[in-house]
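Shared chain: subunit A. Partners: subunit B in the first complex, subunit C in the second.
And now, the complex of A and B:
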């Protein structure tokens, strides 16, 4: 089990690096969707073989929301906005990947500073959560398109969610469902906002949303 | 009873989406607000029993925050009756940049407003940290469409920043929640449940390092929502672009909800013996927020942004007061009530000024007391109230906080606190008084607006022709803020003390 979990964690890390190096928005959305599907498998493996109906239901729900609904929604937004590439990000793709590797090292180091009070299935889950959070934040600040920023938010949320799935297994179902519903609504509203931004301004470049200032 | 409190506005909100008749929908808004206030008032007489396995419970801090939210919402729903009636629902010209825009549909506006109230209620009664998080994030989502009420590019920008920055902040708070779950692990598969009472009760067994990490993430996450510098950047944009009644609600109720979340974490920190760790962080964020806000207030050219930065300043004061601890905790609770009342009043008056002058620029707006006698007086009174002048309530609460700082021998903090308050007083005074005095300037841009406004107002029976619905709510809020400066009713005093006790040193 531990081996499978480790494999999963490594795959999620790779999807992050792929995201940092892609310019095509369609590919970015697909990478994040794939990451969502990988993520939904985490609770099945972290539960040390106890496959309760609750865990399976949660995994299926996560898979549906993150692996099917989000990419469908975002691809739809992409079509209406008629934008295909992230042109001239603030940080180039090569540099982004290098930054990603640096962040990975940093998160492994930080994970070591926070020893878990309980033995866990995989020593990589804390670094993974930190890495995803930092990659998400990095994408948020280094890319121009509103759509890529939503992906950054999703990646960040994925990391936090992975941490929650792996450790807070005793979390009541109500909270898990509430969290998922909130994230779903957030992405849904962000999608609608991008739609409006595109209709109103004919672009989805967030750096050009700069009328309001002091 | 607690469930009714949460469900009433939620169901009414859903109904409002489908009600076609304008009059019926507005009546629903007002009736729901009144029902909610009545239920809240009942909770003062007899504290309702816990619901959902102790997940929902009204303790003293919860009741305090709930009452502020409910009272403010009632005033705002009365104001909304007038506002929704006088809004032009067709295509119309933007007065700043001249393009055409429309409003969002009224049913969705009213619906979101009520759901927003329901979610804020849920925040105040949540005892489980997971549920608290869900509720706080839901308030962001319910209020985003409210900010994008006037559908134009500026409000779009404000909404985008609001939803992105707050969602990211709240996501960090979620990580903090999970860290808290790790900190509360007892053994192989055993947890202290993330309920406030059980965490406080067994706080000694929390894992200290993980708890500190959790505290930082929760503080930064909820602090983003509360508008603490340097995470406050969404706040002035959202407050200046949303309709004034929404700004009043954001400032007077939503920021408090985020503050309550931080308050809950601090409750656990105190019980775990890490109170000082939390207080030091809160003190730092508080002073920084006050200083940043003061810097932007002094040279502000937009009066709604001015009020927004004033909110950042007051959230800073709350954070600083919690950071001082001791008597200042009581000051923080009192200040929170005062700030909500006063800021609600100021934003509503700002809405009246805005609809008359059709400009948010402090340079364009002059002679408010002459053109709008009642709003003008309220505007000036509101300025004195918000800057902590006697005899208003804010004077009392700010004094309690100052006295506590001096009693603790923290002279540097006290001096910095006083200096910033003085800078804000002078900076805001110069702007507000200049707006209140003189004669309105007839420039090419605002003359048509002025004439139209004057014609509309001439139809009303009140002095200066203002509409009763637009000045009674802020007047009542102002009166309450004044009353709290002269006399704090004993039941309120008791609740304030009980709430302050929750984060007091044990």
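And now, the complex of A and C:
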């Protein structure tokens, strides 16, 4: 069981590094969708044997929202905005990957420093949550396109979700559902915003929006 | 020191030219050709040894020393190379570093010999070789470090432990139990090592061993001016290097540690030939990367190795 959980965690780490290293927006969206699906499988394995209907329902719901609805929404935005690549990020792709490795090292170190009040089901989940949050933040600040920034936001949210997974058995279903709904609304609204930015200005580069102030 | 430990280098000396032949046969099978006979490597070596060498008047002793020193280095490296759980003639703490830097010295002399000819063309190949090998050396060191960090499980009976910082110690600890527990980390390290094997032996997708187009060659261009016995030594040295790196990877991928050295070594030798088939399949299915992409590809492998090392500290 531990081996499968390890494999999932490693795959999620690799999807983060892949996100940092790829320039094609379509590939980025698919990577984040894949990450969402992997993440939704974590509570099923972390539950260590007792698969309650509640955990399964939560996993299925997360999988649908993060693995199907989000990519579908974002790919639709991609089609209407007619942008395919993040051309000139503030930090180059190779440097981004190296930064990602540094962040991984930092989160492993921090995960060891932070004792949890509740014994977590796996020692891997807390560093993973920290790593996802930091990668999401890094993508948010180092990329120009609004769409990539939405992806950064999603990865960050995945990190927070993973942090919640460490205590999934204790957390009420209502809280999880509420978070999921919030994220869904955020992505929905951001998709509409990107569509409108693109229609008004013919691009979705957020750094060029700062010259618009009156 | 027992007879089995000396038979490991002996097996390498005898069987090494077979490995490139197996790769060639696999590629031929994919292309629908019959391919060269499996013993072609030995025929080529015999033919080249019977020829005379031609030396340009502009070259110095460095050019003549290149192939000789390279071959001597890889032959020395065989002394510390374990095949799975089987013990090599020499084993001491820190010998992974010795192995990697013997390969480094071999590479240094090949590069020097290429630069000694004064040809701009060979200098270009030498520069590429130096650039790419700097990245793979790092990858190999880090993935071996990850394996060192993991190796602390109790060993099955009959397997000699050795120092945990020696190659023998590392490979003795890679048992099936280890795979059950740390499979993901081992798989990451193995992937990084696989990329290193492809790059170090100038295989697709980094270099194309069959090309003779000046813009794309790396290894082939460096040895263009060598002839006769020198070329034979280069071919033999290259086959030996392929054997060494494949043995490192096969020893990791085949967790057979029965305690019987003959059985373990046999399994790893089988693994080396399976890897040769796998390299043939990769070469048949992939295109060569653009030269600008190669450092990215190698950095990616280095990142996998670092992730393996971090996880080894974590689990």
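Throughout what follows, the second predicted complex is superposed on the first by the 204 of 214 C-alpha atoms of A that agree within 3 Å, B and C clash if a C-alpha of one lies under 4 Å from a C-alpha of the other, contacts with A are read in each partner's own complex, and residues count from 1 in each chain.
Just so we're on the same page, a residue touches a chain if its C-beta (ideal position, glycine included) is under 8 Å from a C-beta of that chain, and two chains touch if they have at least 3 such contacts.
Predicted, not measured: the structure shown is a model, and the values here were computed from it.
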(request) After lining both complexes up on subunit A, report clash or fit for subunit B versus subunit C. (result) fit
(message) After superposing on the shared chain, does subunit C or subunit B touch more subunit A residues?
(response) B
(message) Per the contact definition in the header, classify A:75: touching subunit B only (first), subunit C only (second), both, or neither.
(response) neither
(request) Name the contact category of A:182: first (subunit B only), second (subunit C only), both, or neither. (result) first
(request) Applying the touch criterion given at the start, work out whether A:17 contacts subunit B, subunit C, both or neither, answering first, second, both or neither. (result) second
(message) Per the contact definition in the header, classify A:116: touching subunit B only (first), subunit C only (second), both, or neither.
(response) first
(message) With both complexes overlaid on chain A, does A:127 touch subunit B (first), subunit C (second), both or neither?
(response) second
(request) Rounding in steps of 10 degrees, give the angle subunit B-subunit A-subunit C taken between C-alpha centres. (result) 150
(message) Output check: A:101 vs subunit B and subunit C. Expected answer is one of first, second, both, neither. What do you get?
(response) second
(message) Once both structures are overlaid on their shared chain, how near does any Cα of subunit B get to a Cα of subunit C? Whole angstrom is fine.
(response) 20
(request) Starting from the residues of subunit A touching subunit B, keep only those that also touch subunit C in the other complex, and list them. (result) none
(request) Would you mind writing out the residues of subunit C in touch with subunit A in their complex? (result) 180-185, 188, 295-296, 299-300, 303, 306-307, 310-311, 313-315
(request) Enumerate the contact residues on subunit B facing subunit A in the complex. (result) 128, 130-131, 133-134, 137-138, 140-141, 144-145, 148, 151-154, 156-161, 163-164, 167-168, 171-172, 174-175, 177-178, 181-183, 185, 187-189, 191, 193-194, 207, 209-210, 213, 236-237, 240-241, 296, 299-300, 305
(request) Please name which positions on subunit A make contact with subunit C in the complex. (result) 2-3, 6-7, 10, 13-14, 17, 21, 93-94, 97-98, 100-101, 104-105, 108, 111, 123-124, 127
(request) Would you tell me which residues of subunit A are touching subunit B in their complex? (result) 114, 116-119, 129, 133, 137, 140, 146, 149, 153, 156-157, 160, 163-164, 167-172, 174-175, 178-179, 181-182, 185-186, 189-190, 193, 196-197, 200-201, 206, 209-212, 214
